[in-house]
Structure formats: structure tokens, C-alpha cells
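Chain IDs A, B and C follow the sequence of writing; residue 1 opens each chain.
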Amino acid sequence: MSDTESQVNIKAAVEAILFATGTAIEATKLMAALGTEEEPIGKKEFKAAIDELMSEYEAEDRGIRLIELDGKYQLCTKNDYYDVLAKIVNMPRKHSLTDVLLETLSIVAYKQPVTRAEIEKIRGVSCNHAVNKLVEYNLICEVGRLDAPGHPILFGTTDDFLRCFGISSMDELPDISPDKIEDFRRQAEAEAGIEVPT
Amino acid sequence: MEKLDLKLDVFEGPLDLLLHLIEKNKFNIFDIPIVEITRQYLDYLDQMEEENMDIMSEFLVMAATLISIKSKMLLPKEETEEEEEEDPRAELVKSLLEYKMYKYASSELKDMSIDAANAFYKEPTIPKEVKQVKEEVDPAELIGDMTMQKLNEIFKTLLRREIDRVDPVRSKFGTITKEEIRLEDKMVEIQNEVRGLKSINFKTLLGSKRGKLNLIVSFLAILELMKSGVLLIRQEEMFGDILIDSLE
Amino acid sequence: MSDTESQVNIKAAVEAILFATGTAIEATKLMAALGTEEEPIGKKEFKAAIDELMSEYEAEDRGIRLIELDGKYQLCTKNDYYDVLAKIVNMPRKHSLTDVLLETLSIVAYKQPVTRAEIEKIRGVSCNHAVNKLVEYNLICEVGRLDAPGHPILFGTTDDFLRCFGISSMDELPDISPDKIEDFRRQAEAEAGIEVPT
């Protein structure tokens, strides 16, 4: 490997590492990773690449820079772009309940306390994402653990849920009695023109 | 016969197995020798471990399809029909080609994913000065004009769907009534009739059975006895007499 | 602000935003953040800056690159630096996809939106397990319901799908048009040494 070629690769590798970690990494750690066991990368070679990289980042059309902190290196956003970054980060997100979330929420509301597995059984598809989102929105929360293998989490609705739907307790939920389910079954029977075993 | 020491779980399904047989034998997918492929397919099923009935049943459905195609091809074509009859294999070929196409796509995707897995992404590192207090989602705004009544409707729809999802085949079986003629009894009866005779004509044997159900159960009993190695069925020539030998 | 100057700033700002967030950001969002209320940034100007940025990242001494994902932009490391990164970053290797998952995934990719029943018809075997796994891995997701009895769930691919296969949009999927079937036909002909009626 020629000197120039290896130098080019060092710069790229350092950029890749510092980008992926996002944290400050010791120079020694970087040098160890960049070399091989037989041929560790030299301090001088490393320093030259770092200096070159640093000055390249100073260019006006770069939004990040390479900083040294006590023998460690880190990439960070240039201060100049904090304003525009803040606009993106704090952009009001349009939160809304998708069909998936509403379906999951209705199951938790009517079957609580309920486990993920039970929700999945009713919806016929995994529900991890939906459950996590509803927890994040504070519409449902963990209310306990099921006394079963693996002790799965039981979910129930929150006070926020009650408040938002303008009800004071779960007793006020529109009724879904076992009779209703019996009705569905009978309907299904009637449609199929046969007897469905219960 | 060549020993097939392959395991069932090597194949993703019946189409996968069929494609394997077609490729192994260098058969032309547009002109599959149905008799031969059916034989090989059934040989293969014979060697399968029957532990997993779920998987097995899917392979058996294909076996039934193959046998049905085979029988259609063996039947003399109706000459009266003006238009050309469709090749009984057409549907199967279509399925095989479509499956092969996606199998090909999935191998391409696999290669792509190996390469793409080498890229790393970064966790957010938002400078403190930029990060505001974590945005609170207002649940009231989130819920909008959703009402308890609507949520109730959604839940009812879900319950309906769950019931609708019941296996459409099995759920149509309805009530099972006691068989008037039991297969077990019929097998004993036929076994007794055939025992001692060197061989008996199929027509003669069935000719003594009266009634549709009786005929059907007798036929099934013969098949069962054949499968368990009690009877041997022979047909010396095409459309000739079917002879039943007792192996006891 | 001169044209060149503003372009320089767009490049730097995009780099700063994409570096800090680490996620895929919609082009529309970037454009909104980059402009001001009086003078929103133009599509053309934005695209020119993005293209320039992309080609600059392609340089040999850069370790990261700018990728497009279905109208969104994201930074990630170049594949070449996987080995050196693996020495420093302790990232769990991505779940390897089994053949069953890949087959199911390719059907969803090409036929989306698609129901379980359609997938099963093509594969000839049930696909519940595979579909649930793919949803869990966030490679496919629910995109709606089919307007048919039982309202079966329709599945489609996600942004993670694009990332997983290193493509920017569904247009970049390998071609499996009916032409491909025609190829199979020709292949079969060649193998059999006969002419197959079309």
C-alpha cells in the first residue's frame, strides 16, 4: 500500500468510525482499529491524516467538524447550523392515531388488563409497535404482570385516556357483553348456513 | 429406485419440492411428464417424517392436485369439443413459474442484503442547545373527534374479523353424524370376501354392493386394504379388468 | 446572498442536520427548514445542492455517504469500512433472513399491497409465521385493509426494507417482469433442446 493510498483510507475510516459512534474516541483506539496486528498504524501517519481531515471540515460547505478533546476525537455539528437544526428537531410533528393504533387501543380498552399476545390474537398481527406508541402517547400503560410463564406485561388504559374520551370510569364504556360475541357467532353461522361448533 | 434421503424441511413447500424434482430431472417446465413427476413426488412423501402434520398436509394437497392432473391426462380427450381443451397442467405450470420468479427475486434480494448490511447508521446526537424539552403529545389533540362510540365500533369490527378468520374449510364441516356404514366394518367384510380367493374381479366385488354409500365405502375400504398391504390391485392392460389379489 | 453562497450553506446545513439526527429526513422537511418564511428554498436549488453533496461524498477519502430513501435523505457509513467499524462499534449483526422470510418478503415487495391469502397462494404454504416475523423486524407493515369479506390486512414494505437492501426506491428492485418468465422459458428450451410453443 502506498503512503498516499493508506492516508486516504485512514481519513475515510476515521470519518466512518466517528460518524457511526457519534462519541469521542481515543486516538489510541482509532490507531489500533486502523492498523493490523502485524502492522499497527503509526502515530505520525495518523496525526497527519487527522490534521488534514480537520482542515477539510473547516471548509465553508461542511456542516460538521472534527474536534479533539483530551486525546480523543469526535465529530460534531457546527454551531452555525444550530438554528436550522433546531427547526427540524422542533418541527411540530403531526401526531394522529392510525387505524392500527385505534384498533389496538380499542382492544386494550375493552379487554384490559391484556397482554401483547392477546392483542395479537385478536388482530392477527404483531402489535409491538402499536403498543409502544400508545404507551408513548400515555393512552395505555403497564398495569401489572400476568402470572404465567414469562410473566408478560398487562396493559390497561390511563387516566389520560378517560379524560380524553370524557368518561369518568371504565364502567361507562359502551357495552361489549358476551351476548354480543354470541350474536356475531350466530350471524356467522347464519351466513355460512351451518352450525358452528362453540 | 433411487434413494431419496432428503428431509422435508429442506423444502419451503410443495412448489419448492416440485421445482427441485423438475430441475433434478431436467424436465421441461412447460411439458412436465406428469406421471413420472407424480411418482417421484409421492415417493418423496412416503419417506417424509409424518411428525409435522401441518407441513405434511400442505404437501398432501399438492399430491392430490398432481393425481388429479394425471387422471385428467389419462382420460381420453373428448373429441366433440370444438375448441382446444386446456392442458390440465396449465394452472400448475403458472403457479410454478410464478413461484420460481419470486424465488429468483428472493435470491437477488439476499445478495443485495449482504452488501447493504455493511453500512452503519448513526444514533441522534442533537446538541443540548438545540434540543428543547421533549415535545409533549397532547392526548386530547391526538384523539381528536374519536369518541367512545366509534372506538366501540372498531372493537366490534375486530371481534367480527376474529370470528371470520376461523378456518374456512374446517368451519364448514358442521356437525359430524354417525356413519351409517363404517369403513372399519366394510374393510373386515371385504377382507373376508377376498380371503381364500386367488383373485377377484373388481367389478364382481363391487357388483355385490347395493346403494351409493355402500359402494363408496367399499371403494374406500379397498383402497385402505391396498395401502395396508392386504390387497394387491392389478390391471394387465389399459381399460382392462381390474383384478384384486389377496396377499394374506 | 449570492447563488453560490447560498448553495454552500445548503450543503453544510443538510450535512449538519443529517449528521445530528442520524435518521432519514423528508426532502420537504429539509426544504422548509432551510428557507425562511419569506423566501422558502426552491426545489431546484435544493436538488442541486443534494446532488453535489452526494457526489462529493463519493470521493475516496470520505467514509460516509448520502443516501436517498423514497424521498427522504439519510447519512450512513460506506460499506467498505464495515470491518474497521466492527472493531470499534459493538453493533449486533442484523438478523439474517431465512429463505422463507426472503421469499415472503420478495412477494410483498413486488405485489404490495398484498394480503396473507395472496402470499399463501403463491408460496403454496401458510405464511403467518413469516409475515409476523417480517412485521417484527419492521421490514413490512400494515398499509391498510382490503375491502373484501373479513377485511384482511394489506401489507407493504417499509423504509427499513429499503435500507436493508441498499436501494433508494422500489424502482431499484431487480427486474422480474414477465420477460423474466420468458427467460425461464428459453432456458427450459435450451436445456430440453427443443422448441417450446409460446
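Observations on the structure shown:
Simple rule for what comes next: a residue touches a chain if its C-beta (ideal position, glycine included) is under 8 Å from a C-beta of that chain, and two chains touch if they have at least 3 such contacts.
Since this is a predicted model, take the numbers as computed values, not measurements.
Centrality by Cα centroid goes to chain C.
Distance from the centre of subunit B peaks at A, each centre being the average of the chain's Cα atoms.
Spacing of subunit B relative to subunit C, judged by their CA centroids, is 35 angstrom.
As a whole-number value, the distance joining the C-alpha centres of subunit A and subunit C reads 18 Å. With centres taken as mean Cα positions, subunit B sits 40 Å from subunit A. Counting partners per residue, subunit C has 19-22, 75, 77-78, 80, 85, 89, 91 as the residues that reach two or more other chains. Among all residues of subunit B, those that touch two or more other chains are 120-123, 125-127, 130, 161, 164-165.
By the touch rule above, subunit A contacts subunit C in their complex via residues 8-9, 11-17, 19-22, 25, 29-30, 32-34, 60-64, 75, 77-78, 80-81, 84-85, 87-89, 91, 99-100, 120, 124-126, 128-129. Within the complex, the subunit C residues that touch subunit B are 19-23, 74-80, 82, 85, 89, 91, 93-94, 97, 99-100, 102-103, 105-107, 109-110, 122-126, 149-151, 163-167, 173-174, 176, 180-181, 184-185, 188-189, 191-192, 194, 196-197.
Residues 12-16, 26, 28-31, 54-55, 58, 62, 95, 97-110, 112-113, 115-127, 130, 157, 161, 164-165 of subunit B are the ones touching subunit C in the complex. Of all the residues in subunit B, the ones that touch subunit A in their complex are 120-123, 125-127, 129-132, 135, 137, 139-144, 146-149, 151-152, 154-156, 158-166, 171-172, 174-175.
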